[in-house]
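Every chain is named by a letter (A, B, C and D) in the order it is written, and numbering of its residues begins at 1.
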Amino acid sequence: MDHSVRSSRAAWRDKLYQIIFEANTPAGKRFDIALIISIMIGVAIVMLDSMQEMQKEYRRALWIAEWCVTGLFTLEYLARLISAPRPWVYVRSLYGVIDLLALLPAFLSIFFPGAAYLMTVRALRLLRIFRILKLGRYLVEIQVISSALRQSRQKITVFLTAVAVLVIILGSAMYVIEGPEHGFSSIPKSIYWAIVTLTTVGYGDLSPATPWGQLIASIAMILGYGMIAVPTGIVSSELIRAHAVHHTLIQPVVCGECMLEGHEIDAQYCRGCGASLVSETQRMIQ
Amino acid sequence: MDHSVRSSRAAWRDKLYQIIFEANTPAGKRFDIALIISIMIGVAIVMLDSMQEMQKEYRRALWIAEWCVTGLFTLEYLARLISAPRPWVYVRSLYGVIDLLALLPAFLSIFFPGAAYLMTVRALRLLRIFRILKLGRYLVEIQVISSALRQSRQKITVFLTAVAVLVIILGSAMYVIEGPEHGFSSIPKSIYWAIVTLTTVGYGDLSPATPWGQLIASIAMILGYGMIAVPTGIVSSELIRAHAVHHTLIQPVVCGECMLEGHEIDAQYCRGCGASLVSETQRMIQ
Amino acid sequence: MDHSVRSSRAAWRDKLYQIIFEANTPAGKRFDIALIISIMIGVAIVMLDSMQEMQKEYRRALWIAEWCVTGLFTLEYLARLISAPRPWVYVRSLYGVIDLLALLPAFLSIFFPGAAYLMTVRALRLLRIFRILKLGRYLVEIQVISSALRQSRQKITVFLTAVAVLVIILGSAMYVIEGPEHGFSSIPKSIYWAIVTLTTVGYGDLSPATPWGQLIASIAMILGYGMIAVPTGIVSSELIRAHAVHHTLIQPVVCGECMLEGHEIDAQYCRGCGASLVSETQRMIQ
Amino acid sequence: MDHSVRSSRAAWRDKLYQIIFEANTPAGKRFDIALIISIMIGVAIVMLDSMQEMQKEYRRALWIAEWCVTGLFTLEYLARLISAPRPWVYVRSLYGVIDLLALLPAFLSIFFPGAAYLMTVRALRLLRIFRILKLGRYLVEIQVISSALRQSRQKITVFLTAVAVLVIILGSAMYVIEGPEHGFSSIPKSIYWAIVTLTTVGYGDLSPATPWGQLIASIAMILGYGMIAVPTGIVSSELIRAHAVHHTLIQPVVCGECMLEGHEIDAQYCRGCGASLVSETQRMIQ
């Protein structure tokens, strides 16, 4: 194999990589949009398939549509494996695992009919929508919200710890007060009730029947009603700050080595692994 | 037909246009207030008519009242058609369609008794209340809120996309975990449950029965409880900014050509179609 | 009757007035605290009386306690009538009406036993707590919150109008879609459902059973979940502003002529009716 | 006993004190982390024990695990008693009471089997998590949130008073309107309903059945939906201010005399009782 052949194959793989993994070329954008549409179709098929009346009438049509989508996803997965400079890194990345999980149940269902049930895992592929949103005009909005949430992460951890402790204490108290005869059959179930109450969801599948239980429940409700002010205040104050300081832009490129996203507009090397973010073809052009 | 007759008819139509479509003359304001009162009466009649006990006792009175309101609305619709410089544009505008939809069921019910049922569509005419509120002292308030919501539109789109993806993933998970035997009979129904839970509504018509389902539900509830902080934070920060920058005023005039509203106080031409916003009579006075 | 007698009687009434209606003397503060405690006792008695088991066992004790409180309230009412410079103005003021309503059912129940039921109206007297809170260290807090709410009144009116229109449209839609066979028996009842859903309360006494109804309900829930951001944002931004500008203090005096409250610290005359806020004894001292 | 023996014993107790009560040494941090893990295990055991199926299968294993944790907690309690300079102050402090309450039910259950039920009180020990969080990187976050909540304490008291008054008035009204025949059997129960409604929890165990009841409920729901804006606004505005002013740091030391926490970084003496915060060993080193 002489140098020119090797180089041409590299160029071909490099081109495919750019289309599939990057989104700053017209072809890359078109690929991403086509992908998200096929994911939506795939999810819609699984949804329709779960409805009894649909399943009865359009069994055959749904079966064909399902295998078409599975075929497309399989081709895409293979293309990603071929074009990625380090396929193993892609396979172990979050999206790589999701992409594989979206394929497996269809093939498994040939041997074990029950596996078709797991095809609902395909819904996870919808997370790719955020990659599409990051292109174009939603980029800044996503960055402002993410940066505000990132800034408030530690405060929210403290808040969630307080919620967890409170919910365990309330659940334990209700287990003792109401007891199994009113449906509070175990502490974990009472904690589930405490979460339903504190978050103001209030299904009503479990509700206090004794006066003391209703008193504890009333305190839990008022606490939950008032405590919502804490995360709201945290995110509000962070968003006000984020508005003031957020001006950096990010380029829609994934690192070919470690699959890290969110590189700043002037970044030439991955901030995670130091690999070059400029693909070979781009380098040739420059 | 000589020039003076044509001009006088134009003046008469112009006058009618000013009263019906504009609100910056005393007659225009009186018309708008009379209109909103008759819309409220119309909606009240449809409401009373839907109540069994009322329907039995006051059947005749309700029937008469209904036709009086329908008559008034028909006259108003005809007056709008006659006075509008381009009637077709009005007919196809949002308010034009609603005005027609509020009339049709009454006339259709003569031939098809079931159509009376659709008279509830009349409730949509209540949207005209916002036109009335824009007159007088609520104008600035509406503008501040609208401008804050407009500024946060993209961030809210990102938030709603996240909610949609989350709700589909949660719904799919619960369909697999709880299954049809606990009421989660299809993925769309499970998604409905996920929305009921994430928004902290919690009807309780569907609630998890298995420990794993209760765990997923608990996570969904805490997510929903915490996520409310995001839109709240977005709107809060935008309102704080809107307060600082909002000082422009808007005149209560609708463009006669394309029915666009919300023209700035010094605008002489429609920003949508370039038509003059100064009606002929006004021009004559100036 | 010579001048000195008349003047001494005036001084006595003036003194009583100061104790009962004002709160800037030690005696006035003690009276207010004693009053609020007796109101709480009165409300507690009505509560205990409504509980079957209590009513059975402590019937006689509750009856005596009720008449003691009624006696105290009657004396207080008479004292207010005597000491107020213009009794009729007090009788027609909000607190005057509530004070009378808290007495009437007890006396009426002598002739009509059913009137005892209305004694629950006594709970309204708890509103006097806010008068007590205005004394001492909660004064500034109440003023900051009230001023923020007052500033956001118009924006909240616009918001509530939007909620009202939305709730009527959603209720009408659900009445047509779900219909009486699923419990949506009339438009008012459907509007009640829409309020239950939009405010994320979600009792579950009425819940959509058809797929289209569940779709409309899902939209209503997400709207309600997101719309909460509007009043929250309004009040947040006003509170931030209120913090910056609020520094004026208010004296705890009620106008003897028109019962208006909330006079600024240096006010010598009522801003509502122009009457002097300095009582005769105070004037004598000065 | 000569001086050197006495001094060496003091040093040994001082060392133990530092490990158990303080957290600014490596040994102190390790002790706190080990403690929190054993508390979590203890809570998990009580939880598992409350589940019927677990109780049946792993009765013996759970019994052994329970006594191991109880043994550890007993040793820890004794160590705290020995090392604390004033044991009685520790015993009466909040954590001292909780630590004892977590032990008692296990020992009581030897004589009264029913006492095992009260072992759920052990969940209160989870509050120690906040002591662990105060170490390391969560310290500032906890301080910002606590300081914002402390600043808004009085405003929240006013808000809670308004909620309490509103809930009593609404509950009393519903008791009269709906009455015992629709489940509103007493005023306290109606107040419980009012809390369930105002906080937008909405179990649905009690819901209005009459048109007037549904009207009052609708008003209560919209009030509850809107009122949430008040605490949210209060905490938001305080957090924005707290961000601006909060820069002081606090050292993770508990006063050995009065068990007060939260001493500023340069504090040498307890702000509560004036005792020295520098332990003897530290003093020796300096």
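Operating definition for what follows: contacts are C-beta pairs under 8 Å (C-beta built on N, C-alpha and C of every residue); 3 or more make two chains touch, one makes a residue touch a chain.
Owing to the predicted nature of the structure, the values given are computational and were not obtained by experimental measurement.
Chain pair B-C has a twin interface among B-D, A-B or A-C; that twin, with over half of the contact pairs alike by residue number, is A-B. Set side by side, B-D and A-D show the greater C-beta contact count at A-D. Chain geometry summary: the mean Cα position of chain A and that of chain D are 34 Å apart. Averaging Cα coordinates per chain places chain B and chain D 48 Å apart. Touching of two or more other chains is recorded for residues 159, 188, 191, 200-204, 224, 228, 232, 234, 236, 240 of chain D. Those residues of chain C that touch chain A in the complex are listed here as 200-204, 232, 236. Put simply, chain C touches chain D in their complex at residues 43, 46-47, 50-52, 117-118, 120-121, 123-124, 126-127, 129-130, 133, 137-138, 141-142, 144-145, 148-149, 156, 159-160, 163, 188-189, 191-192, 195-196, 198-205, 224, 228, 231-232, 234-236, 238-240, 243.
Touching chain B in their complex are the following residues of chain C: 154-155, 157-159, 161-162, 165, 168-169, 171-173, 175-176, 185-188, 197, 200-204, 207, 211, 214, 217-218, 221-222, 224-226, 228-230, 232-234, 236-237, 240-241.
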